[in-house]
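Labels run A, B, C, D and E following the written order; every chain starts at residue 1.
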Amino acid sequence: MIDVDIELTVRDGARRFDLGVRFATEAPFAALYGPSGSGKSLTLQAIAGLLKPRAGHVRLDGRTLFDAARGIDLAPRERGVGYLFQHYALFPHLSVRQNIGFGLTTWRRRRLTPAQQARVDSLIERFGLSAMADSRPGVLSGGQQQRVALARALVREPSALLLDEPFAALNPMLRGALRRELAEVVRQARIPALMITHDIDDVLELADVAFVYQDGQVVRDVDLRKGESRDHARRALGDERPVESPMRQKLRHLLNDGPAAG
Amino acid sequence: QELTVSAAASLTNAFKEIGQQFEKNHPGTNVRLNFAASGTLLQQMAQGAPVDVFASADQATMDKAVAQKLIDTATRKDFATNSLVLIAPLQGGPAIGSLQDLSGAAVKRIAIGKTATVPVGNYTKEALESAKLWEPLQPKFIQADSVRQVLDYVSRGEVDAGFVYRTDAAVMQDKVKIVLTAGGHTPVSYPVAQLAESKHKALAGSFVDFLLSVPGQEILGRYGFGKP
Amino acid sequence: MTSSLFDAFDAFPLILSLKVAALATVLALVAGIALGWLFARKPFPGSSVVESVFMLPLVLPPTVIGYAILVAAGRRSPLGKWVYEHFDYTIIFSWHGAVVASAVVALPLVLKSANAAFAGIDRSLEAAASTLGQSRWSVFVRVTLPLAWPGVLAGTLLAFARAMGEFGASLMVAGSIPNRTQTLSMAIYDATQAGQDDLALLLVVITSAISIAILVACNRYLSLR
Amino acid sequence: MIDVDIELTVRDGARRFDLGVRFATEAPFAALYGPSGSGKSLTLQAIAGLLKPRAGHVRLDGRTLFDAARGIDLAPRERGVGYLFQHYALFPHLSVRQNIGFGLTTWRRRRLTPAQQARVDSLIERFGLSAMADSRPGVLSGGQQQRVALARALVREPSALLLDEPFAALNPMLRGALRRELAEVVRQARIPALMITHDIDDVLELADVAFVYQDGQVVRDVDLRKGESRDHARRALGDERPVESPMRQKLRHLLNDGPAAG
Amino acid sequence: MTSSLFDAFDAFPLILSLKVAALATVLALVAGIALGWLFARKPFPGSSVVESVFMLPLVLPPTVIGYAILVAAGRRSPLGKWVYEHFDYTIIFSWHGAVVASAVVALPLVLKSANAAFAGIDRSLEAAASTLGQSRWSVFVRVTLPLAWPGVLAGTLLAFARAMGEFGASLMVAGSIPNRTQTLSMAIYDATQAGQDDLALLLVVITSAISIAILVACNRYLSLR
């Protein structure tokens, strides 16, 4: 479903960063995981068509979005991907509602059809943004902004989802709820999703496969579905790390759910 | 010593030479020449500009200066004359031989100086009035803001004819031709006077004297001005 | 001010001025936005020189600009000649000339302001819009321009003010023909030159009041914030 | 050490948000924890002097920064706190090095003393920013930007630290390292720290006490040091949540450390 | 152009123009930044009207502005009289008058651009600077102004160009005295009035070339990017 093989270099004065990644998977949900500055965001930008690789190709569901050798390079708007930017890139001059509905309209046709209106409203509702639907992004809290960005990326029923740390500004409870929303969206729409995250739980909950980045390269891929079946590895690894101590669990509980009984 | 002379813009070329000559004759003297439209010069003086000699392009402006008590009236003298001419583009354009030809259908536009603000416009009006052409020609007039603008319009063929001073027509001989010298207007004479508040009365007096002297008149003559 | 003074006042120059200034502002706005965007986003070798050339209408005395327009569009010019022969029309001595002259003089104000505004925009917002399926034009109209608007608006208001005040170049191209091409500024100039101080003052007050009212209203209703 | 009692209201059109929080602690490291939009960031802004409460007071280490009743309201620059903004607020026109050194200089004296220079260099070094010290923030990755913001907040040896999600953009390994750095800084400088985080592990690793936010109020505080002693609670809560399954631990290991052995 | 034409060319107006334009630009810059900041950050009831009043030098013909300066600072005014009596100095017919006139005419260009630029700044960056121990002035100099700089610079370049081109108001106040107060624009005007088209053209070319060179250089070296 996703087939990425790109080489590119970004420069800034004397500093340069070389990205050379290649990965492909049939799995619907893939995660990119790795240290800060290893090239994850640049990869998504290249897939979305915002950065032009020097060589290689990008294919999504059999569609070729980019192919240096064959001279194919679709414009971002033709790629039909939903992209959540790491820093959200919300339109400061538009309200939350207008931000979310932005991708459904054009400069010529700015009114939403009733069906589109309903879709926007349901996203606003599902992401808990009803109270602030008419506010500008500038007055929202960090987590509220992130949810607007997520809703905006989902609204167009894109043919693929690129998510750059979609839950980083959200607390665990909301994160759980939104993970479920996202999993549902991806399952229903049957679109491939590529998510950058620093949260292992995000990976474990959502992804079918994870590509581990290091210094601009994919150094490892982890198949998260296969893992389940390999029961012996489970036990072999079981004691390598201490199980979460009951103490920690209790505190976790205290933070999330309410005062500890006793 | 510094002598400040405010002179009408149409006197620019002649006065630059006169100023140099005067400085030569009076070593140690520095003549500051200030050129602008007569109306601007009047406003400057009215606000206390330190001017010693005022040379106007028309009597009306000088009269206003007198009325505002800016002028030492005893020193007022006419120092030059000019004549009003009808000009037409050197090439192209309808044939014009007389003022009457202006009423012909071939002549569509005539540039004149703005009657309210440009002295040459007033003379033009007088000349055409005495020829009984002022009213009939009204629709053809383009009122330009300065003599120079009349010249530009005529030289570029935007208008078919225009009225300017002989001195102005002289600088554009390659583009415009003088059709005739118009009569029937009050003589075009240039007055000069010392300012009442001048601090260099003696020097100002000699400047005015120089204007009227033979060498002064010779220079003015070379730029096309007539004797007073 | 006596009532005879008010009689001397004539609404024609006022209406003409507003018409000329409005049209000139629109022309300058469209051209200024297009050029400002071009110089900010598609620089080419020497583009900063070309950009500075567009500043010349500010640098040179208005009469020179007027003369240049006369030379370029007058009856002796190839363009002017062609138009005259085919349409029996000349821009000289028509109020359209005042519009062109004012637009040329106001253009650098919009251009430079728009240029700076476009250069300052967060490009990732444009990128975001393009991933949301928007065409280049749609991105420009819906994201770039609204984000640059405060700067562009500032330039536009400057352009309007300048167009209201323009008279040197217009005078040359359009002439100052009462009831035909005489704008307020020309009327003020005439009045000051003719020594009609009362009339001049009246006209100045009217021009100032109306311009301030328009600028304040535009500031309020066009600022989009 | 920290004593906060503030009431304030922010408005945006018809929407309003009321913040009314009160908490005080002697613990050196406190965490603010709670859902998106519950007022955590607003609280830090009020403590830093960027928002003026309607009523109440803010005291740090006995210094009164704000007291509505006594008419005290120190300007932000007099409060001497180090503030890491949720969206970093890095100066786009300055390099990484200039951003970090910013607080040590003034408009009049822009050169760093050798000692200050050394301090800036050591922060750049410790936060792994050496390679990009002369870059502008705009070309940095999300995690790199966050580290610049953290270094900038620490550079002045502030009298207190306010950290708004300091590790949100960092992956777990870096997060661990920076947690240790931060703990070290706070311990050495003996300054109180107040940290907003959505990561329970951050709370567990760093904080002595956590204040749990809900709808603009502190609804609960959790003492993370006392918890240790309450051994019976540990067992009582032990089975409420499943211990982390060995499977998950294995995957965690795979993502972080290297390919799984067999 | 003949060599005699080059002889007729005189460097004085050029040098004076550059001096006048530079000083006027500095004055307009300082005042424009201060006022632009004020109107952007400390609005008061009616401040948009006051702001628009500062646009009047653009709206009114330069002669009117010049006349207003004459009335306000000429020897017949209380201020001008006092200065004249105590210091034996008058701004009329001195090149200082051209500086003042040009600055007044250029001020709205900086003011409006700076105003828009200041209004567009991300306030949280100023907040960040203040938590880093910076005084208000330090925040302004180190954060606000650099961030607003592209817009302010655009206004400043417009102001410089306008100051180079200004002559109507300066003519009124400073006069057009060769070798004393005659700027390039005045010299151009004089040359056109005197029918010296060759000289006028030469002066136009020189003015244009030098202005473009300065604008390009400023764009390059003052843009801080």
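To be clear about the criterion, a residue touches a chain if its C-beta (ideal position, glycine included) is under 8 Å from a C-beta of that chain, and two chains touch if they have at least 3 such contacts.
Keep in mind that this is a model prediction, so the values were computed, not measured.
*Asks:* If each hop has to land on a touching chain, what is the smallest number of hops from subunit A to subunit E?
*Replies:* So the least number of steps between the two chains is 2.
*Asks:* When all chain pairs are ranked by how many C-beta pairs they have in contact, which pair ranks first?
*Replies:* Chains joined by the most C-beta contact pairs: A-D.
*Asks:* Please compute the C-alpha centroid of subunit B, do the same for subunit C, then give the distance between them in whole Å.
*Replies:* 34
*Asks:* Could you grab the centroid distance between subunit B and subunit E? Build each centroid from C-alpha atoms only and quote it in angstrom.
*Replies:* Here the centre of subunit E sits 33 Å away from the centre of subunit B.
*Asks:* In whole angstrom, what separates the CA-based centres of subunit B and subunit D?
*Replies:* 81
*Asks:* Starting from the mean Cα coordinates of subunit C and subunit E, work out the distance between those two points in Å.
*Replies:* Taking the average C-alpha coordinate of subunit C and of subunit E, the gap between them is 20 Å.
*Asks:* If I count partner chains per residue in subunit E, which residues reach a count of at least 2?
*Replies:* Correct list: 63, 67, 192.
*Asks:* Hey, what residues on subunit A touch two or more of the other chains?
*Replies:* Where subunit A meets two or more other chains at a single residue, that happens at 87.
*Asks:* Send over the residues of subunit B in touch with two or more other chains.
*Replies:* Subunit B, residues with two or more chain partners: 40, 43.
*Asks:* Which two-chain combinations touch?
*Replies:* According to the stated criterion, the contacting chain pairs are A-C, A-D, B-C, B-E, C-E, D-E.
*Asks:* With touch defined as at the start, can you tell me which subunit E residues reach subunit D in the complex?
*Replies:* 122, 124-125, 127-135, 137-138, 141-143, 146-147, 224
*Asks:* With touch defined as at the start, can you tell me which subunit A residues reach subunit C in the complex?
*Replies:* Subunit A reaches subunit C through residues 45, 48-50, 75-77, 79-83, 85, 87, 89-93, 102-103, 106-108, 152, 156.
*Asks:* Quick check on the complex: what are the subunit B residues that touch subunit C?
*Replies:* Residues of subunit B touching subunit C: 37, 39-40, 42-43, 64, 109, 114, 116-117, 142-145, 149, 152, 156-158.
*Asks:* Hey, which residues of subunit A end up touching subunit D in the complex?
*Replies:* 10, 12-15, 33-37, 40-41, 86-87, 131-132, 134-136, 139-144, 146-147, 164-165, 168-175, 198, 200, 203-204, 210, 212, 220, 222, 224, 227-228, 232-238, 240-241, 243-244, 246-256, 258-262
*Asks:* So in the complex, which bits of subunit C are touching subunit B?
*Replies:* Interface residues on subunit C, with respect to subunit B: 67, 70-71, 74-76, 90, 92-93, 171-172, 175-178, 189-190, 192-195.
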